[in-house]
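Look for chain A in each of the two complexes below; its partner is chain B in the first and chain C in the second.
Our next item is the complex of A and B:
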């Protein structure tokens, strides 16, 4: 039966948002477990050094200190792990310990755990732990790390190169030779980090009697974490329960395996007491994953009419001293290689990527993963080509986007693009921003000495990955998700799902899909997430998969629940099932228009009054449905994004005037929430583009690991962001939803770079090194 | 270790209740509110006065509780999100946040409401730029601020119309 769409598509307020607004959000550090101890980590002050001796006598002497543990003590509690994927070519990877028994390989790696009755005592005592170090040669420079005479981070791997990839499609060399113009650029994308406002944290509570580990864990992926934590600690998966509190931001940062978190688990097993770990901001900078940190030499060959003939890129990227577990650090350079050419119709493409180990914080998946870099490179090349050809920057995109009737398209890098609305999105964007008006205004302003820049980009966003990305390479990562619905005796619906919600709106999306399918009030639906003991196994929240994957599982479960409710009503009321329907929370006879039963009647019947049922009738009222997207590596969504900014050529300062985005994430469940995902991603991307960079010296010391010196965008740094939507549902699912969490961060970096360079055009200058700081802009202008 | 163990007696009016306690002299107001009193609506993000997540109201002014010693609040009045919610003082702004989805993860939200309320009470001319400037001591990593500005502006406009 066709579902009457009443709730799907409406911009309703999130059912759980008022609780946060009243200050009731319960985060990890708000949880107190009786008898809880606190751990503080002593972290390596060196990027690469050998532990000679640890003297913890003075620390142990402080009243309230319970135990001090080092990496050697941990060996019998926690196994080392070696990150790797088998589906992406050879990876050189070395085992990583929760705390290293011998050699610390980045500044900030936890080496000693101090456990005490209070956090303050643990912190005091940690300062008294003395470690005798032997400094080793740090590997920090990307280029030098690849050279034969470089020090090696893992001598047994015989190289600092962790991974490389070559893509060669078409006839690149001849296509470049035959191009009228070849533009060459070098792009740099600085290392940055996620900066969730709430730091990482965990409470590990091991019950020795039951051999059962309960974790309150601020993670986006409880089921995946449970599998890995159990395996590393030698426990069965069913002996570990993870309960996620509310998360104060995730952005990919809270889904990796961190040594300090596994150590916290091991400490609770060692001591038989609950142990709480909450990182402070300074250790967040030194222990949360970093991301980006790429240098890309790229070329584009175009004909005079702006038609792209070929593109090449050579990417040298850095990771930490280990590949991050379990996803590895190679996905960022991989996605740069496969996503750079996606937006445009070209036949000849070559990409090379080399990922090298460095004695710096390990890198991992942070919102956008490689795609912001890919978009920056592609859009930077296209603007440079437009300039070289003397073609308008919107016009050159129109000439190169995949034709409206070309879908499905297999892009030059091999990716399957089922259906995008790039042309319509770009047209809608240019009309929203009044592109022609802005260009005219720009000209007038230039005459007045005001240097306005306009940047426009067309974004392709990979969402909702299939198992081909990780699980096919052997990683314990679920790309599947599930939804369980239960009709309660009072007629309301309880829902559990493997999805988690860090504020994106997962609870709202799931509730709206159920309300829509059952024609039920949202108030009669309660969604629970994040507890591995009560929710069905699912992948959790990453890669813009929530609505597309868990949303589809929810739709399937709700449809099955609907059928079951109608079947029970039919049985009890002795009416044929096909004349019954759910209307406003009641089961109505469509022929008579009368209410046959209420939801509560059905709930009471199935839970209490089963004597009314025929002997062999046992209707299911706890229904689980699964969904995994297996048709496409990722379900590609698209977005067109425009930036207008003013550039002060005397100070190099950028003032954002306005940003516009037209996004197509397929079927929209709640347009307001899509808009907010776009805006949030765009402002994080503004941070990448203008402010954020983890600055290291040549010894591998992080120079700005605090919020005073590592700048993130505040309200006054950004501008209004106007969003609009187009819907091109994916055929991969019945729901038709694609993801929308990353389009903003993917597109805005390149759009800002292009807008700055647009403003710099009269000065024959340009910048290609992110973040685009005033100093770099002034250098480009030859002023410093 | 005397600086670590020295204690002080304080009497603080917290959300209308008078609280007497003997506390470590070094205890900051955020820890006092959260871990001694158990009011967890005040969040801690950086402990160095930048992110603003721990903003509370001290004698009517919005203040970073991570940079304030609890001892400095001795004899003074402290209000947190719990008190402001229960009194209904900020309910109009909270409704506007709700309508506009001006919170995602919610970690910055209590402090954002307190800073915004200070602006709304300031009797200055309120514009979007003014709101942006005033909220620039409160980091939000999720929303991109636009919806927060919308919510505050809505309340400012309603206040203007009511005048």
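Our next item is the complex of A and C:
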């Protein structure tokens, strides 16, 4: 059955966009449940300390305070959990409590819950809770944490090393020895956090009569959260319903298990009343997952002609005091290890990673997960090699990318790459940039004392993971998704899916696929998401999987619906099914060109006028189809990205001039949404590259946990971003879509670093420690 | 963080020493001091209200005098708890040197802050400590015949 591509590929407006534009979006904090209480958490001021005594008498005395609960009180309501995966080597992991009964292990860990009639009362009372602490030695420095005399965060684990991995493709040392040139660099990537516009939040509403917990929860993954929350609270999965309101950003941080959220659920069960928790910005900095925080020593061996012979890297990364549940914190260093060499054709590769516990906020999956670091390292090494060989930086990439006819290819780290358009993307990029013109201009500008830098990178973006990544390791994470379609009596289509939409435009993507397959107006389709009681079980939104996975499930459901509609029409009209087709919302006889039935006729027939059907005919008009990608660990997409910037060598300030990106995410459903995903990722990556870092002192105190000192990119920091697309559909699905949500953030950090170093070249200086702040640039120049 | 400062006081060293060790004098001149009680010869408890940027809190401080070397030098160890605002720990070394009839006071503070003070106040704490020290020494010096001056 041919699918007309009438709607897929068009940049149509999102069906739900007017709601946001008019300010009608309803977020967690907009929701009020009758009888609702508010919880405010008292958080540990120390990175590592033992609770000796809690005195809450003064706080309890305040009018409006309902209850004050600590970690010991919670023990009978919420079980501790131990994060871990069994498929990625040994992980040393310790149990984590929703609130610790005895020892707080990071500054900001919630230790006491104050529940009151209003948020203001809860906050005031929380200030009066007195805790007598015994300070314990904090473990903060990555290197010292691995040493034998270090204090231990979990003495029972006998080491602060949580996990390590070795990947060795063989003969690396001899390949390095035989290389004409070996370049060695140390890259640092500072700790970051997600900074969603809307903070985390939840309303837990436990109905004692029905033993039923309803949660309004700002989460990317309602079905996964429901499974875990039910399990921790001792409820059955079907006794928990999660309803996601609209989400003001996710970026990965709203898919982990947080102690304060589980506590909120337990409090509602304890009190039999709805309880609302909304983190404020200061709490967000201390409790939302952090990410990155890696130090990588890396080497590349090249021949004089620029051919890469071998690459090695040794990565030391930190993960907070626990592995984050349920995905664990090892995926970031894992992806650094497996993704660094993906873009290039080399035979010898070795990667080592060590993940250590620290008394800092736990780390977890944040947009890009390891891949921005991998790209920074790979692209930094390639530029350094180009410089050492005296080869142009685009040319060296052309010489090392997988050849156009090499696909499918297994990269040196073992990853299967089905079909990338790296060479075409790079060529399109350099022509968009007018790379030669930019180089000529750079030379002229140098003479005028303006130091322009040009950075070009080629990115491989892992998307749409298979169950091999998490579920195979025992984690309750669905990499599958589903779409249910229902033909209504008025001929319109209702759709529910396990996908969620944090602003990416998932609703538009799903609607367009249905409209395209059924040749139906977008207005005749309504998509709802994010309610576990009404939507089919699905993985939700993470790892750039929405369009690739839920999109394919939607295509399958729409095709089945189409077949069902034609079958019913055939039955009623007594015409052979193969001469019928859906055209513009009607069922048309292709031979006569006449309309046989309208969609409404079919809807009426199946819901009301079933007397027209033969006795043994019972058409199904609620159709669910599933899809999980099982062929590849991830479906790899690719992107080429270029940056032009000016560097003030007196102040160290970077001014971005222009950014270009050519992305290939396979089949494009809505080009404008893909472009916006690219731009959004790039802007977030500008933050990583130039501004964002969680700064800690040696005692594990976060020193800039506020938006005055933790800088995120503002409109004035961003330049024009020009995007273009190439479509190489994946063979993993019929739809052919790959993900596109992370290419921007993955590529732009390395591109900015390379552009800065390109500008610094005449000064024999370079920077490799992200964020690339003016102070670091001036130090590299020897000016401070 | 480390903070250093010097103050020239128009009095003989022994006199400065005596005033610096007089609880009643200190209580009057420490900015925001709500109470200061001597527990024993070397231990004090103070309640001080201070404003550091957006944080306005009452700090209950345990002070211990160490390495008393009359009238030359001593060290103050201070542990302050500001409740929800966080806490601070400081070690202040004070040295008194005679300069004719004046005394040159040099102080050096090692300070650590924790909790909310660290999260939102660490960029402000340095300036606040310098400001409060100046306020203290200016009023402390004023009790001698001639006003003191910062050097």
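The definition used in the following text is that the second predicted complex is superposed on the first by the 784 of 784 C-alpha atoms of A that agree within 3 Å, B and C clash if a C-alpha of one lies under 4 Å from a C-alpha of the other, contacts with A are read in each partner's own complex, and residues count from 1 in each chain.
The criterion applied here is as follows: contacts are C-beta pairs under 8 Å (C-beta built on N, C-alpha and C of every residue); 3 or more make two chains touch, one makes a residue touch a chain.
From a predicted model like this one, the values you see are computed outputs, not experimental measurements.
K.L.:
When the two structures are laid over each other on chain A, do chain B and chain C clash or fit?
P.N.:
fit
K.L.:
For A:107, select first, second, both or neither according to whether it touches chain B, chain C, the two together, or no partner.
P.N.:
second
K.L.:
Counting only touches as set out at the top, which of chain B and chain C does A:258 meet: first, second, both, neither?
P.N.:
Touch status of A:258: no partner.
K.L.:
Where does A:42 make contact in the superposed view: on chain B (first), on chain C (second), on both, or on neither?
P.N.:
Once the two structures are laid over each other on A, A:42 reaches chain C alone.
K.L.:
Counting residues of chain A touched by each partner, does chain B or chain C come out ahead?
P.N.:
In the superposed model, B touches more residues of chain A.
K.L.:
State whether A:697 touches chain B only (first), chain C only (second), both chains, or neither.
P.N.:
The second partner, chain C, only.
K.L.:
For A:706, is the partner it touches chain B (first), chain C (second), both, or none of the two (neither)?
P.N.:
After superposing on A, A:706 lies in contact with both chain B and chain C.
K.L.:
Quick one: classify A:126 as touching chain B (first), chain C (second), both or neither.
P.N.:
So A:126 only meets chain C here.
K.L.:
Figure out whether A:249 sits in contact with chain B (first) or chain C (second), or with both, or with neither.
P.N.:
So A:249 only meets chain B here.
K.L.:
Across all Cα pairs of chain B and chain C, what is the smallest distance in the superposition, given in whole Å?
P.N.:
Checking C-alpha atoms only, chain B sits 10 Å from chain C at its nearest point.
K.L.:
Let me check the overlay on chain A: which residues of chain A are in contact with chain B and also with chain C?
P.N.:
Common to the two interfaces on chain A: residues 706, 708.
K.L.:
Which part of chain A faces chain C closely enough to touch in the complex?
P.N.:
42, 45-46, 107, 126-130, 282, 285-286, 697, 699, 701-706, 708-709
K.L.:
Flag every residue of chain A that touches chain B in the complex, lowest number first.
P.N.:
Residues in contact with chain B: 13-14, 17-27, 29-30, 62, 120, 124, 195-199, 246-251, 280-281, 502-505, 672-673, 676, 679-684, 706-708, 712, 714-718, 720-721, 744.
K.L.:
Where on chain B is chain A touching in the complex?
P.N.:
So the residues of chain B touching chain A come out as 1, 4, 24, 34, 40-48, 50-51, 53, 80-82, 85, 94, 97-99, 101-110, 113, 128, 131-133, 135-149.
K.L.:
Using the touch rule from the top, collect the residues of chain C that touch chain A in their complex.
P.N.:
83-84, 86-87, 112-116, 118-120, 122-123
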